[in-house]
C-alpha cells in the first residue's frame, strides 16, 4: 500500500504506463479495436481537465480577490464559506440563474459561439500541459508549437464576440484584443524558441527533464521576464487589459454579455491566467520537478507563484495605452527577444 | 502694466466709470454695438485677459436686460465689470466668443436662461435646458408647472 | 458605418418665441466623412469615465478622436432660479450641493459674499477656522480626484489608499460640522459649531502621517512610468488658450500660468500665510496631475501655519437674525479645489437675493475639452477628462 | 519633484523601470498590513455627536412631551419646505401653541440642520438614524409629534444640556 501511494504521487508515469498497458492487453485479448480504448482514455483526460478547470477557476478567482484585497488593505470576500472561499461558487450560481440577454442587433449565432470558442482554446491547452511525471494527456513532440498555436486561437473568439455584439465598444475591444494578442505572440514565440534551443526539443516533457535543478530562469532571466510580460498581455490582464478596459470601453468585448455567457468568458480568462502561470513554470521554473514534495505539488506551487506575480503586477500598475502597447511589443520586447535568442544560440553553439 | 496705470487708462477711455456699492471693481456700461471693440481694447490694451463669467440680470421694471461681463487681468490683478443694457424683447448682442473662448458656453447659457440672442455665435444650441422647455427661466416672470414657490413666511 | 443621430429633431416642440434656436442634438458630420471610416461614439451619460451624468459625442476614426461635442445639463437643477426664492441663509445648504466634493469652498465663497454685502467683519478665529476647513477640503477633494483618476487609468489600488486618507479628513470635517460631504458648516458671520475639542489632536496626527502616504500615492501613480507615458505631452493646452477658455485652478496652473485666487484676489488670512503656487510647464495631463499633488503638499504647509497661529475667540460674529443686506452687488471668489469658485450676488435690499450667479470652475474647464482633445486617442479622452477633475453638478448647477 | 523632464533619455528609461519597481514594492509592503475595513452591519463606526441623521422631535423626559410650541420658525427656514405643522386647537377653535401634527417629509429633507438651529425651544434634534433607505415612498412623510421619539445616549445628554444650561457647546 505504501508503495502504491509512493508510486501514485512520485512515479505517476510508471503507474499510468503499467495500468495503460494492462488495459490495452485485456482490451486486445477480447478482440475489441484499441482505438476505442484510446478514445476513452482521452475522454477521461478531458473530464479530468474539465474538473480541474472548474476547481482551479473557483480557487484562482478567490485567490486573486483575496490577494487584491490584501494589497488594497481590504478584507476581500469573507462571507460565503470559511475565508469566503465559496464566494466564487455563490457568484457562479448567481450567473447561472440570471437572465441571458442577447441584444436584438447582435449576430446571434456568432454571439453565442464566441464564449465557447474562447473557452475551447484554453481548454485545448491542457492537452500538452505536464502536471507531473507522466501526468499529461498527450506529450506531443511539437508541444511547444501546439501551445503557441492553440493559445493564439482565443483571439478568434474574442474578436467574434466583439463583432457579434454589434456595439462599438465591443468592437473596439475585439479589435484591440486581436492586435494585442497577435503582436505579443511574436516576442513570446521568440522567447520560447530560445528555450527550445537550450532543451533541444519541442516536447514539453523533454524540456522539463532537460532543465537544471533550478530551472531555466537562471539561464534565461531576460527570457523569463519577456515571457511573463508577453503572456500577461496575451491573456488580456492588467496592465494590458485594454480589450476590456472598463474606464474607456465600458467592458470591451464583454460589454453585451451577461449571465452564463459572461461567466464562460470569465472562466476562460482565469483559466488563461493559470495557464500562463503553468507554462511559465514549465518552461522556466523546472515544471513539476523539485525535491521532497510530489511533482504535482511542485507544479501547482510554481504555477501559482507565477500567478501571484501576475496578480501582483495587475493590481499595482495603471493601464497602458493602445499605441504604447503596440510600440512596447514591437519596439522593446521584439528586439530584446531577438537579442536574447541570438545570444542563446551563440552560447549554445559555443559551450 | 501696473494696476494704477490700467485703472487710469480705463477712466480715460470710459468717462462714465461707476462703482456699484460693495463691489470694488469699476464698472462701465457700453452699448451692444460697440461691446466687441471695447472688450478687444480691454483685452489687448489693458491686459484684461480673463473673462470670469458672463451673465445677465432681468430688470422687468425697467424693461431691460442687463448683461454683465466680468473681466480680470492676470497681469495687473484688477477686475472690471462691463455692462450692456438691452431691451427685454428681442435682445440682440454680438457674441464675444472669438475674443474670449470661454464666452461661448457662458453665452449659450445666458441665451437660453434669459432669452438673449448672441449674434454670430458659432454654436447657438441649448446648453443646459431640455429642448422642450418654453420660456426663459431666469427672467423674473417665468412660470412653469414644476416651479413651485416656497410659501411665504407665516 | 451608419450615420447615427440621437433623438428626433422633427418631433421637438418649437422653442418659445423662436429666439433661441432649438438644439440640434448632434452636429451633422462633415460631408466628407459620411463615406469614410469615421463613426460616432456616444460616451455617456452613463459611462464609467464620465464621473457623473455628462455626455460627449465623439467622432472617431478608429481609435483617434476627430471631433468631440460635449453635452451637459443632465443634472441641471436650476439652482440660480431657486436662489431667487430663498432667503440668504436658506441658500447655504444648496451651495454644498453644487459641488459635493468642495462643499466648504462653496460655503466659503457664498458666505463671504453675503458678509461683504452686509459689511460684516468676522472674528479672527473664524478666518482661521475657515482656512483650516478649506484646506482640509482641498486635500480631500484632490485625494478623491487622485483616486478616481487612478481608476480612469486602470489602477485600482491607489483608489483605496487615497480613500483611506480622505476618510480621515472627512471624519474630521464630519466631527466638526455633522456632515461628511454636504457639510453646511458655514454661516453668515462664522460657523454653526465651534471646532470640536479633539480637532487639533486629530489634525496633528493626520499631518504627521499624511506626508508619507502622499509620497506613496505619488510614487504609485503619478511618478509611475506607465502613467507618465500615458500623460506626458497628452492633452496640451497652452497658457494663452487656457486663459482664454477661462480655465482656473490646477488646470490653469499646469499651463504655466501662476494664477491662484488665494494670492491674486486675496481673501481671508491667506496673505499672511506662506505657501507656494506650483506651476506646470507644458500644460499637459501629467502637469495637471503633478500640480494637484504639489498643491496637497502646500495645503499641508498652510494647515500647519494655521494651526500654529490659531487664535482664541468666538466662532461666530453677531450677525443680524434676519439677513437683509442693503442693495448692491458683490462678486466673491475663493480658490476651490478645481479653481475659482465665484458667487456674484445682487441684492435688492430684501431678504432674498435678486440674483445669484455661480461662477464654477468645472464649467469653464470642461468647455476647453474639445480643444484639448482633438487628434488624441480614445484612451486619452479618459485621461484628459479625468485630469480636468470635473464635477458634473458643478457644471450643470 | 517635477521629474520626467529633468533627465536624459537613458535616465528616463532607468527611472521609469525604477518607478515600476518602487510601485511593486509599495503594494508588496501593503500585503502584510492589517485591513482597515469596517465590517459594516456587524461593526459600526462611532458617529460623531453632531452627526445629522433623520430629524426627530424627542420627548423631553421632564415634561413627558415634546418641546414644540408650533411657532413655525422651522417651517419658514426649511429650504425645501419639508416641514409643515398643524396646530392644536382649543375648545373655542383658537390655535394653541402645540402641534397637532408635525409633518416631516424625509423625501425632500436635505439634512441641513437649519430647523434645529432656528428652534428657540430646542424641540428638534438631528438623530443618529441614517439607514433610511426604503422601497416605499409612502413612508417618507412622518408625523414627528405622534412619533414620541426617545432620544438616548450621548446625543440625549448633549441635547438636554442645551436647554438646561451649562451648554459647553459639546
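As written, the chain order gives the labels A, B, C and D, with residue 1 at the start of each chain.
Here is the rule we go by: contacts are C-beta pairs under 8 Å (C-beta built on N, C-alpha and C of every residue); 3 or more make two chains touch, one makes a residue touch a chain.
Treat the numbers as computed from the prediction; the structure is a model and nothing was measured.
Participant: Treat touching chains as neighbours and tell me the shortest step distance from chain B to chain C.
Facilitator: Tracing touching chains, the least step count from chain B to chain C comes to 1.
Participant: Please indicate which chain is farthest from chain B, where distance is taken between mean Cα coordinates of the chains.
Facilitator: Taking each chain's C-alpha mean as its centre, the farthest from chain B is A.
Participant: Could you state the distance in Å from the CA-based centre of chain A to that of chain B?
Facilitator: Result: the chain centres lie 64 Å from each other.
Participant: How many angstrom lie between the CA centroids of chain C and chain D, rounded to a whole number?
Facilitator: 24
Participant: At what distance in angstrom does the C-alpha mean of chain C lie from that of chain A?
Facilitator: About 45 Å separates the centre of chain A from that of chain C.
Participant: Just the number, please: Cα centre separation of chain A and chain D in whole Å.
Facilitator: The mean C-alpha positions of chain A and chain D differ by 51 Å.
Participant: By the touch rule stated above, which residues of chain D touch at least two different other chains?
Facilitator: In chain D, 20, 23, 26-27, 30, 36 touch at least two other chains.
Participant: Counting only residues that touch at least 2 other chains, which ones in chain B make the list?
Facilitator: 150
Participant: Send over the residues of chain C in touch with two or more other chains.
Facilitator: Within chain C, the residues that touch at least two other chains are 86, 157, 161, 164, 220, 224, 226, 229.
Participant: Residues of chain D touching chain C in their complex?
Facilitator: That would be residues 2-5, 15-17, 19-20, 22-23, 26-27, 30, 36, 48-52, 77-79, 110-114, 117, 126, 169-170 of chain D.
Participant: Can you list the chain A residues touching chain C in their complex?
Facilitator: Residues 68, 71-74, 168-169, 172, 238-239, 241-242, 245-250, 315-324 of chain A touch chain C in their complex.
Participant: Give every residue of chain B touching chain C within the complex, in rising order.
Facilitator: Chain B residues touching chain C: 20-23, 25, 49-53, 55, 57-58, 68, 70, 72, 74, 77, 79, 90, 100-102, 104-106, 111-113, 115, 117, 124-138, 140, 142, 147, 149-150.
Participant: Mind listing the chain C positions that touch chain A in their complex?
Facilitator: Within the complex, chain C touches chain A at residues 39, 41, 47-49, 63, 150-157, 159-161, 164, 220-221, 224, 226-227, 229-230, 377-383.
Participant: Going by the contact rule set out above, which residues of chain D touch chain A in the complex?
Facilitator: By the definition above, chain D touches chain A via 20, 23-24, 26-28, 30-31, 33-37, 39.
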